[in-house]
Each structure stands twice: as structure tokens, then as C-alpha cells.
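By letter and in written order, the chains are A, B, C, D, E and F; residue numbering begins at 1 in each of them.
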């Protein structure tokens, strides 16, 4: 099976059998896979487009985050489209699953080029859609943002990052690994340091020189301790408010290692002292509501290290759905 | 070994060897199993009667919650009878373990009838006791409440439910499964929708049509987000207050899936975004204190999916003991 | 999506995306799902038809064997169609996946009727196909054989059973549970005791009265110790030889609990002292080669209790593919 | 509850509820706990007496083998008393569960004295019974044999040991740990080195000096490789034959670490390259049949490190039951 | 390799290879092992000295806490020396790893004497250093404090204890086990009951008689519920304030079982209803800042029961580093 | 710390503290790490040199095999140097640990070049040593053999491969991944297909086109079924005999996935139906004895997927020590 996107994008390896009547109560019945027979012109106003990015061989530590896009799709069946907290039904939006970026086993640079190309293609075709990338490790964020920039070069991009780490490591050490995406974007001129806002840093998980680099480049960061005192939602709103006065488009990147290891056993880089589930959900809901947010990603979740009941995979999917709830509320508000 | 309860109830499969002197410092030394030689007349004023309900083949998803009554009894040894927080010693109350409702392997309707019969028998004989049923999946709640109703037909019953789900699914789809107990009670006329209070709904775990049904029937529900803002204890007190003006007896049902998957790894239906342990314990303590509360159950905890250290089983037992602490405080207050 | 089989059979919940060119190197690219657009007339000579039977609420012990049909399909991707040991490529046969028998949550008798009906339908339409049922617990075997008997009432059926247990329990105790299928077939007159051959009994896992019943009914059984001394392959050949002189059709049932608990961690009823993987594979290969073998099932494998790497699920699939290798060799031999 | 044995022995912490009619089909219905009301005179001809020895703080590596006696008793429910391989029903023998040797938390020497005293008491009262000790770590064997020697000082004792290790470490290093029992018995003069037969040594798990000590003392050992070539059963028979010409009584000690780590995941000291389940069962069956065998123990199985399905605990119980099968066959033969 | 400390202390079993240039960014590059060539005179002003205490055979329940010192050292590599929350770099302090107290396998009294001796030696030589003991089970605290008292007999010692238990059990029952350290210190006259402050008691994990003993001896305790209402940091500050007016030196003991079982899966005695990670970190940070705090220990963490990703080990190390952050802030403040 | 090998090779990240007297009873006391102060000239006749190759980002499936070199070193402590089966003490040989090949995070081609360079350097300096490479995934074998070839271009190399797969995939698809090493060596002309002997192929784990390529190139393969019939030892001897008449040097590569998934739970690519532990140990012992065998590697073992007790890591180390036993026996024979 091929689509016009091919070979830039591969179709998802499997598809859920959907109810014949078109009604959807569960997430797997709602999200539509792009297939050979998809009419792209008709679909180009889809509110949401999902792109799988199954790359984690670029991770500093051994990681199976490449398996998350598939685990993410498998988990859909466990979720209703209806969000009871906010009385919102996501199935009122059109959501497409574009499939996965093709990857090369031994040429990581090629993988990264493929991601940039796929991102550019998606952002070009789906001009007004919210693009959600499902990683994969954090190295992909630099490529996704570059692709977005290629598609819409006139738009200034800012980044809201949920992370335990700066991800500002020097690329000259080990290339564009998962420790480098923010530096990559600064050094390539795609995003200015002062247009980056990092929420969630804490503890002993960043070396001092990274902080110094962040300070030099004007990267904004709010440690978890400070965010907690102010409230995570309030912190996110203020970051978005700041960003919104400086950029055209906001990209949200959720490194799942921002969560405490208790809440995210399937994220190898998660640590003690991180965010609670409630805090992260509160943060992404607020982010989803902001009208300038146009793209997001979820990274560094390794289903192979998850518990038997797929605790962390379910949480990753919940982050995605909560973000989309914000998007729907944004749209309701604008009516 | 048989008791007068037989064959309505089976004795527990094993008994703890108890200290000869009658003193009890640990829970397994305190709770008394009903045996052939138990003098029922003398015991009929026991403050607490436990009934195991090992049924989970009525669960929509494959479940081993049928194993919880035994795991619950095994866990007693790890708990003192003395609650330090409230300076209360549960061993001042008499607690009986009536054993388990007998189950049939392939006839679920028969199992359900047995539960109703056993519940009726217990409520009849132990008129003033607090009856604690240990499930099993949530389908049993409908049967337990029906039995209670048969034993005390003159008493109007209200329900306080801790749950991530409505449990209001249509029984015509798949019979009285664990998704249906509340609807079962409404449709059978045993409890009115408006006398049901559900605390803990959240996220993407109920379809929209269930909410619509709840609204039609006047079922009261306070989402977890709202309960958190008000305080879980405060929320429970207010629900009990409302109920108390409308009914004679309050039944408390604790579906352990109300807990976040982080706190309850051994509850297959638990989800991200649920209650914390602290919130649930706070809630059941408040519930235990209310004088109209006469029965409770704990359901949907599957020991076979629990962690090696029996994390969730211990929590289930803690919920039970915390509830009883409320009961003791209620009695102290009334002296 | 519906097929002519509906509502007798449900389509599989998901489908693999298959290569456009029709070539198949992996099992998931080879086996064809039956869909609304399948031309049944054309396919009725398919060599192999798979039927999922996701029922395990009829199991004496809590079981998630209902999840095996889906786990089985998911595992296909890890297997080539080419068997190197025997230089045989399974993709030369046509294999169809008919989907799953629909199940009811609380009415086990209804589930059993559905299985019989689905089995009858499949055997009727695919007169010459090898029908492979994927359970589910062992109670399904009685229903599958009854369906086969309904479809082909003129054919006398014999059974070759790989099992640690007799499965001859009295149905009057707990109905047609997973401890009863062989007795069920004897008592219903569908298969004579003397036409049943059980290989693999051992240790302390059958009570004495079951052996007595087996002896009364003339059930043939070769304990594992005896089978080992003679050789498992040799034992199977001799059983088939005996059977073949007495019946028209042979049904092979593989209760995965015949395996030692070391080799089958995901089979709750597996025990110490059972078969090795090598012995079972040798046995099913021999069984697959016999021309009178027309149907088989694999039961009692619970993926929820399997190891993180899905050890037992992979083994279940390997048993299936090894059996089919026997079928292909049978066909090659007959050319 | 106390027995005449108290305080030398504690009753088991729990008891199974047994069928009223006295019939036993499962092991937990068959084995009788000794309680306050047990008539010891009447029971003194019991064929089998079980003694729990919950000590593992004497283990070199951290061990939870102290938990095995309880886990062993819990596992009984999963076993029939009927052995199909040998057509033998264990319930024809009387088996008593004497309870556990009391242990001190911080005084290991005291624990060891308690074991010796309990062993002496049991062997004295139950002169003709087969005494089965359930450990605990291997340090207990020295104490159990010393107690046996105290009770029957006139009987010369020989030992058949299934083990991956010599257990001949120098006691002056770290006292009577689980690495020393055989040396302890040699040095205390209770058993001569030449009356010890060790089957199962292999690989890189003994230092050279231990082998030299073994050679000096005339300890007999047959490596696993040699035992395999000759056949484990044949090897055991020959060892027993040799021993039988030299001693009055044979004690069999089964260190579960003789098993390959694949077969015994819950034995921390098990290694790659050890015995298979089949080999060990074959060995203990042969041992059980020998008329001079009067006592046995099973040691070093740590249920806390076992798999979720209690793989190794089940195997430990199977070893016990297989040994008793040998005992029954011995009795049948002698009729 | 031997050091002047030998045989009082053994060197750590392994050492990290350190960067040649002396710079340290990660914890394993910073902490210096004491070796044969260490110049003790020069190092005696080290701010921090670590002492491993690998004893857990004195634990009431089977425990592998003896393995924590090694697991602790292995985990260092995952932590930066830089604490971003407080902008503090621990590598500005000198930290030595003195190695482990030698232990005897079967003589627990000898182990305890060794701990006292090692503690005395360390406190004598490193008069001004912060001594951090890494357990082991809680029995070691009594010995460590006694050693400290021997080294500095003129200094009155007070204790701040984070714990779910009183640890005031009667030593006459089972000797100086992990249930007794506080009573041991009271009875030996080393610390007065009124100079002990316990934070974290909750639930059903202490018997009533222990509370009565605590009250008699004037032990101060703040239940977790009360500490939460006041704030854990505030509670700690107030305890230290009280203590500070009464004693010369404060010893902080962190029993990791104070944490909820959700946050500390690798602590066998952890329970539902305990502290969160955030609360404990907040507490130890406050404790580290107090100028009278001169020694601390971390006990009862069993790496063998931890999750695959070493969740609890990481948390134990985080507690240690957070405490040292307090120490550094104390020093900065005093400049 | 640097050595002359640097930057071609990095020292191991940690070193065991070794006994001062130079005596070694355990493996970690025997193997000597190469450090800055190692006298290379003096050591160049070491019988054994170990090289860690921590690369697995070149693996087709997500793999943590990069962690095996460190896990391998950690496991040494659990093994004696004395092999009781063969009465051989490995400590009579000199064994060096050269450390690990440095790896790049995102440039796999660079990693592969580093491996080749390190292999060449080691083979050049240690002309007569047995070089043992510890992977890593199977892609490294091609690089290791190429390095050996560069160091000794005049020597014709043959390969004995234990594997479930051909590893003959086309490099044009995905570069030199772990599916390609044998083809890589054939296509680069370093080893002829006819000088490759593969033992262990079985089941459904190779596509048909790979077999065809093997046949074209004259690669020799003995399926596991055939090897079993002939005996694994006998099969290995015959392969070595054949090879020995054709080449100067034999390289042995052990892909741990040749083992059945039961025996090697920590090898993600292991399958049902593979070798038993006993068979593999028998095979590598025979290989170690052959005088033309000069190098070996162990690959594809992922410690992150291993069981809690490190089952597979222990087995990997056992394979290494068994191979060295063969080497010692070879030397004894030649004296």
C-alpha cells in the first residue's frame, strides 16, 4: 500500500478495523489512517495530523523509544473520545494518522533528513492542522522544527519545552543526539535561545556548563520547584504569553522524562523528583488551548521498559489526548 | 467444616493460627473466622462482618479480581490493629470473617444469585453490623445491594461510589457485567439515580452516552478535578450530607480503579490521572464516620497483576482498615 | 466492516498493512484476513482457515487466555513463512484469517453456542481446509468438535490431545468448564472415549477418580514418561496410526499446559515436569503430516501472564507454524 | 495454640480448612497439621513428618529462603495426592506437619541450636517416620543431621547430596554459614567424608581448595557431566548402593541450586549448566525408594526471587512429592 | 589493597575510573575512594565521608539491604554534581568514600561491634566531616551513634528520624534487630528519648504498646498527617530548632520505609499512605542545612526488590545528594 | 586515566579491587585491566585479551546489547577460576582486559571504523593471544574480522558461527546492520563463503532468499536439528576439521540468539526451538580446544531485557569461561 506521501512517509504497519457506520466512541475508531485511497485535497483541513517518528538509535543511552509510535496506536482502544472533565468530544475534530517517517538502520544522518523532509511535507500540505509528532527520542525535535521552518519560512518559531534536561549539549561531541535538539536549533538559527521556554528542570541531571550556555543564549527556564510554587498551569500560561508577543508559531515539545520516575517507569531517563502526572496534564492542557500553538511532539518513552500493564504508554496517550482537549477548547472559545 | 451459613456461604479456605491468650496486636489475630463452632446468636452484635465475593468472570476485560478475597486475608499479618494517626485500636471492635460466597464456574447468573442470597442472609442475621464485601469485580455491587434490600426492604438505600467510571452501561448488551451495577440498581428500582453519588470520574474513560444517561436519571457525579478543588474529604462530607437527608442507609462502593495507575498497578482498569492514595484514604475515612453508612465493598483489584511486593493488595487492605477507623471514630463520637 | 460470516463471526480487530506486490516473506504478510470484500467462493479451497476463540471466563482458574487470538496475530511479524529445517515455504499455501467468534460477557452458555455455530459454518464452507482454532481456554474444544460434527455428521471423529490433564471432569459440578471438554464429547456421544488419545499426562495434576473414569470409557493415554522413552514423535505416529484405523477425521488439540512451566511461563496451568519445547514441536509436526488430521486448536495460553518478551506467545505461534509445516509436507508427499 | 512440642517447635502460622469427610484429593487436604489437640501417641507411626526451618540469615548472600516453608504450604493446593506416572496415591500414607523451628532474629547460633533440638525431638518421637525438613538455607542441614544423630546415636549416617557446590567451606572464616554444612558434619565427627556422596557439581562454582579438601577427606562426588553420561537415576542408585554397605541411615539433602538457573529462577545460587527438572525428579524418586533413606531436606529456594507464577516454589513442592512417591513405592515393594 | 583503616574498614569492592584532569561533572568522578595511597592527614578536613554498612541479616523480615552500598556507588554515574534547583555544585566540597564495614556471616553481634568501631574511628579521624553511613538495615543506626559517642563522648547527641515506625521494639525479644535502634540508644543511655524526633509515622504499622513506650520515654513524634498540614519543611525546621537548644550534635536517620510504597518499590517495609518523594527531599534538604547536623544514614533500601530500572536506588542516591546540597548551602550561608 | 591504546581504546569504566597478594580464586581477581601503568611489552604474551565492543545502535531491532561489556565485567565476581568438570584452573593463564572500543552516538560508520582499528591494534600487539570480543550486536563481527585481517593479512580466515540466523542480509538495504556481518565479509573478500560454517539455524527465522544466497556463496550450514542428531560436539569438531584444512586461522562467533528463548530470556532475538545451554557450552568447549581458533566474540545479549537475577548475563560469562577452558585444555594437550 502506498500513498502520495510515499516514500517520504510509510503507512502505519497496521490499521484498526473501524465501525461501518462512521460513528466513533473510542479513539481507535476516530483517528483515520491515511491510505492509498485517501483524498488528500479533501482532508487538508483536518484539525489534527499525527506523524510517527520511530527513531531512537540516536539516543545517548540505549533506548527502545522507536517502538512508541506503534504502542501509542495500540493503546487507542483503551480511550474514549469523550473527555468528561471538560465535556468535550474529540471526535468532533478530524484527525489523520499520516504514518511513520521511514528510517535507515545504520545511517542516522539519513534518518534525520527523512524526518525534516516529512515534517516539511506535512506542514506544507496541512497548512492549518495541528501536527503531532510521536517519537522517538528527543533528537527528532530539531528535525521536526526545521521541517516546519522549511514549510513556513516566514513564521518565527518559539518553543515551549517540558523537560528534566536542557538538551543543550554540544553537537561537536557526539552529533545530533537526544541531548542536543535545543542547541541544534539555536546554532542552526531556526529558533533563538530567547524564544525557548523550558519548564521542569530539577535535581542533579544537568551539568553546570549547560546552564551557563543556556544563560549565554538567553534560554528561559523555570525549574520545577519554581513552577510548583507558582502553579504549573499558571507557569505555562505566562510562558506562552511571553512567547506569544515574540513569535508567530509555538511548538510544544514534551520530553516524558520530565515526569518523576514513579509516574513514568517506562521512560529510562526519568528521575526522582520530577513532575507528577497531574502537573504534566495540567501543563499540556493549558498549552493546547493557546491559539499560536501549531505543533507538538512527545518523546523519549520506551515501551520495552514499561510495566506489564503498559502504565507509561497509557500516560503518553493521555498526554496527547489532553493536549487535543486544549485544542478543542481553543476552537470552542473562538466560535 | 460447615457452618449454619452453609451452603449459602463457604468458610474461608484457610485460617490464621491465633494467639492463645485472645490478645490481638495484628489484624490477622483480631478478625475471627466463622466456623462450625461459632455461636451465631452471641456474635450477632459484631460491629463488622466481612464477606468474600470471589467473582470476576463477569468482568468485561479478563480479570483475576476473584483472587482478592484470599490475598486480602493473607495481607492481614502485615498490619497492626492500632491506627496511630487517630489513636484508635480496631481490636476494640468485634470483626467476623463470614467466608466466601460460593461460585459456579460457568453459570454467572447463578453466581449473582448466590451473592444476593448471601448478602440477604448476612444483613438479616447481623442487623446492626457493618457489612464489608471484598470483591471480585464491580458487577457484585448490584447483587450485594439487592440482598441488603431484601433483608431490610423498608430502608431506602443511597450509594456513595468512588470510581473512574459511571458503571451505567446498558445490560441488554452483555448482561450484568462489571460495567453495569449502577444501571442495574436503577433499572431494578432498588436505588434511585438521584440517590447515587459518584466521586472520581475523569479523563477519557466514559463514553458520552453514559453521561447522558446519568443526567437523565439524575445521578450525581463530582469529577475528580472538582473534588480536588473542593477537597476530597469536603466533597465526601457534602455528598453524605445530601444523601443523608434522602435515604435511610448508605452503601459505599470503592472501585479501586478510581486510583491513578501509579498508585494501583494491580488494578487493570486503573488509568493515568486518577486519585492518589492519600485522597482515597481521606475519602473512605470520612465515609466510615457517617452514621448512616451500613455497608461497603472494595472491588476490581486483581492480585495476579500486582507487583511482586503486593503493592496494591496492601493498599486495598489499608482502604478497608481506614474505613473501619472511621467507623470506630463514629462510635467514639456517639458515646 | 461486515462479512457474510457476520454476525456468526467478527472480523479481527486489526489488520496488518500488506505489501502491495502480493509477495510475502513474513507470516503477517501471508495470512489473509477475511473482509467484506472477500470472495468466499473463490477462497473456499484455502488450505488453512484460522478462527479466533477469545473465551476464557469458562476457565476454572482466573485466566486471560481470551487475549491470545490477538497476541497471536500480533506475533506473526516475527516469523518468516520459510521453514529452514524442512525447506518448506508456507506461503505456497493459502491461509485465511476468518476472525473471532463473538462472545457474551456474562452468558457463557451463549458463548459456547456461538463457538459451535461458527465452527459448523467454517467447516461447512471450507470443506477441505485445515481449520485451526486459536483459544481461549480448553472448554472451547468440545464446542469446536461439536460444530465440526454438525457440519460433517457422517464423519467419525477421533482426537489426539497434548495435555497435562485428562480434562474429564464431571460437568454436573461446574458446567462445561476448561476441565471438562473430553467428558463433554464422550457424554454427548460426539466422540467415543476409545477414540481419544492423550499424550503428556504426568505428575500430581489429576485426581485418581479421573483416571478411573478414563479407564472406564476406554480413553487412551500415554504418560509423558512413557512417551519420552518411546520418543514423542514415535508415540504420536502410533496414536495416529491406531486412530486412523478407527475414524474418518482426526482433531488435534494442543493444551499448552502440557509444557513444563520452564518452557511456558505464560500458561498458568503449566507445571514442573512437563514437555520441553522440542518435544511438543516434534509432536505437532508429526501430527500435521497425517492426512486424516483436519482440524486443530491451541488453548490455555494467557498472554497477560507471559514474560515481557512474550516468550510463550512466540512459542504458541511456533506450534501453529510447525503444525502447518507438517500439513505442507503431507501435501508435498501426496503429489 | 500450643502443642507438646512447644516451645521446641511452633505451629504453622496458618492451616488449610479441610473437608469434613476426611477424604483427601489435594495435598492440602491430606497433610495434617499438628495442633494442641493432636494425639501424639496415636500419630507416632505416621509415615511422614514435615518440619519447617525458616532460617536464611545464615546465608552468605542475602536470601529469603526463610520464606519457603510458608510458600511450600501455600502451594499444596495446586497438587493432587495422586501420582499418575506411578499410579500411586500419597494419601494412603499419614503425613504430619509439625510446624516450624522457632528462630531468633539476631542470634544465629541460637537458631542453629533450636534446629538441632527440634530435629532430635522429632526423630525421637517419630522413630520410624520419614522426616522431611523444609529450609531455609543449607546451613540447617548440619544441625538437622546432628539432631538426628542425638536421637539415634547408635546409627551411622551417610549423606546423599544434590548440589552445585561442595559446601565444604572453612567454618573459621564466617561460622556455620550455608557454605559449610558438609565440613561442619565432618569436623564434628557426625558423618565421615567417605560417607558423603555429592551429585551435581559443575562449572566454575567451587574454588580449587575445596576440591582438595574433599579429596583429602574422601568425599565422593560425581560431577553433573559424569552423572549425565551414566544417567542420573543410575548414578543415584550406585551411590545409595555404596552408602548402604557402609551406613545404617541415609540422609538426602537437596540444594535446589543444583538446578540450572533456567529451571529454578527462584534459587539465587542456581547457575547456568545445572540439572534439568527431569534429572532432579528422576534422582529424588530413586532416592526415595531406598529403604535406608530416613530423612531429607530441601534448601536454598527463595520465594521472594521467584517468578510471578511461583515457578520454583511449585518445583520445590514437586521434588518433595516425587521423593514421597519413592517412599510409597518402597513400601509397596516391601509388602 | 589495604588502607590504614584496615581491618576496621574494607575498601569498596570496585572503583570508578576517574578523568585524568581532576575535573568532575558526574558524582562518580567526584567522590574519592580511600585507597592504600590516600594521605589521611591531608584529607582529614574532607567535608564529607561516606561509610558503607552492608548488614541486613539483622532485619526482622528477609532483606537484601546489605546490597545497597554497592548499588549506591554504581548509581553515581547517573547524577551530575550540579544541583540546578539551588545553583550549587557539590564538587566544590571534598567527599571521600571510606569503604565498607567488614561483616561476619553468622555472628551478628560481631557485625554490630565492627560498625561501632568503624564509626568511632571515622568520627575520630574526620573530626569536622559530615559522616554519611549507607545501610544496611536500621539496626545499624544504634551502632553508628554509639561509635560517634565513643569518638566524641563530650557531645550530647539528638536524633531526627524519618520513619514509618517507632523502631522502639523490646530488645529482649529478638536482640538488636532493625525494629529496635531507638530503644537501644535510649536503654544504653546514649541518647535520651526526649532528644529523639520522629517524623512520618502513620497508618497501621506500629502496635499500641510502642506508642506507650514512646510516651513514657518522652520521644517526640509528629505523624505524617500532622507534618503534612504544617508542611514537611516547616516541621523539620521546628524539630531541629527544638533539638538544637538541647543537644550539641544532631544525627539524621532516614529509614526509606517512610516513603509510600508507590514511591519506594524497593523498600520491603514501605507501606501505603507514606511520604511522597517531594516531601522527603524537602525534609532532608532542610535537615542538611542545619549547622548542628554532623552525621546521617540511609537505611532499609533493598536493591534486590527494586524495579528493573532501579527506581528506588536512584531515589536513595538522590536523598543523599539533596542532603549534601543542604550542607553546601549551610556552608555558603556561613561564609 | 589513559593507556598507549588511547584513543583507540578506552579503559573499562570501573575496576575491581584485587587482592594484594596476587592470588586469584574468583574471575574478577584474575583478569587484569590494562591501565596507564601496564607494561605492554611484558604483557604481550598474555594468553587472553578481552575487548569490549559496546555498540548496538546498529541493531535492526532496538537493543541494549551495548550494555553487555559492563554487565559481563560485573558478573565476574560470581565465578571461580577453577573449572571442576575439567579440573582446570584458568588463573594459570594471563588474561588482560583491554577496555572498550570508543563509540560515537550518532555516527555508526565511525563506530565501525573504530572497531576495525581497535581489532587491528590488538591483534598486532598481541600476536599470539586469543582475542575475545564482547559485544554489542552482530554487526561488530565483520569489523573485528576485518581488523584481524589488517593485522595479519597473510592469514586466511575461516569462521565458525553459532546462530539462529544466516546474517547474510543485503547491505544495500540498511547498511552494515546486525543482519549482515557474514555477507559483509564475503562481499569485502575478507572471508570466503565456503569458509563459513553456521551451526544452529532452525525454524521460521530466515527468509528463503537468504538461504539461496548462502547456497550460491557456498556457505556451510548445519541446522540445529541435524546438529542434534549428530551431536553438537561432534558437529563442531567436524566443521573445525573441514575448516582447518582450508584456512590458517579460525574465528568463532557466538550469537547468543542461537539459544532457545527459554534459556536466554535476555536475548531479544532468541526464539523457541533454539539450542539448550548444555548444547551451546558443549559446542564452545570443543571450539576452544582447536589450535587454529585465535579469536572469538559473544554478541546480541541485552542485559536490559534480562531477568532480575541476570540469568542471561551469567550464561554469557559462562560461555566465555567454557571457551577458555577449551583453550587451556588445548595448551595442556600441547605440552
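We take it that a contact is a pair of C-beta atoms (placed from the backbone, for glycine too) under 8 Å apart; a residue touches a chain by one contact, two chains touch by 3 or more.
Remember, it's a predicted structure, so these values are computed and weren't measured experimentally.
Enquirer: Among all chains, whose Cα centre is located farthest from the one for subunit C?
Expert: Ranked by distance of C-alpha centres from subunit C, the top chain is E.
Enquirer: How far is the middle of subunit C from the middle of subunit E, if each middle is the mean of its Cα atoms, in Å?
Expert: 58
Enquirer: Could you grab the centroid distance between subunit C and subunit D? Build each centroid from C-alpha atoms only and quote it in angstrom.
Expert: Taking the average C-alpha coordinate of subunit C and of subunit D, the gap between them is 41 Å.
Enquirer: What positions in subunit F touch 2 or more of the other chains?
Expert: Expected reply: 262, 304-305, 308.
Enquirer: Which chains touch, pair by pair?
Expert: Pairs of chains that touch one another: A-B, A-C, A-E, A-F, B-C, B-D, B-E, C-D, C-F, D-E, D-F, E-F.
Enquirer: What residues on subunit E touch subunit A, complex-wise?
Expert: Touch residues, subunit E against subunit A: 25-27, 79-85, 87, 89, 262-263, 277-278, 281, 307-309, 311, 314-315, 318, 321-322.
Enquirer: Once bound in the complex, which stretches of subunit E touch subunit D?
Expert: Touching subunit D: residues 56-60, 62-67, 104-109, 139, 174-177, 302, 304-305 of subunit E.
Enquirer: Name, in rising order, each residue of subunit B that touches subunit D in their complex.
Expert: For this pair, the touching residues of subunit B are 1-2, 11-18, 20, 77, 304, 308.
Enquirer: Over in the complex, which subunit B residues touch subunit A? Could you list them?
Expert: 201-209, 211, 223-225, 260-262, 265, 268, 271-273, 305
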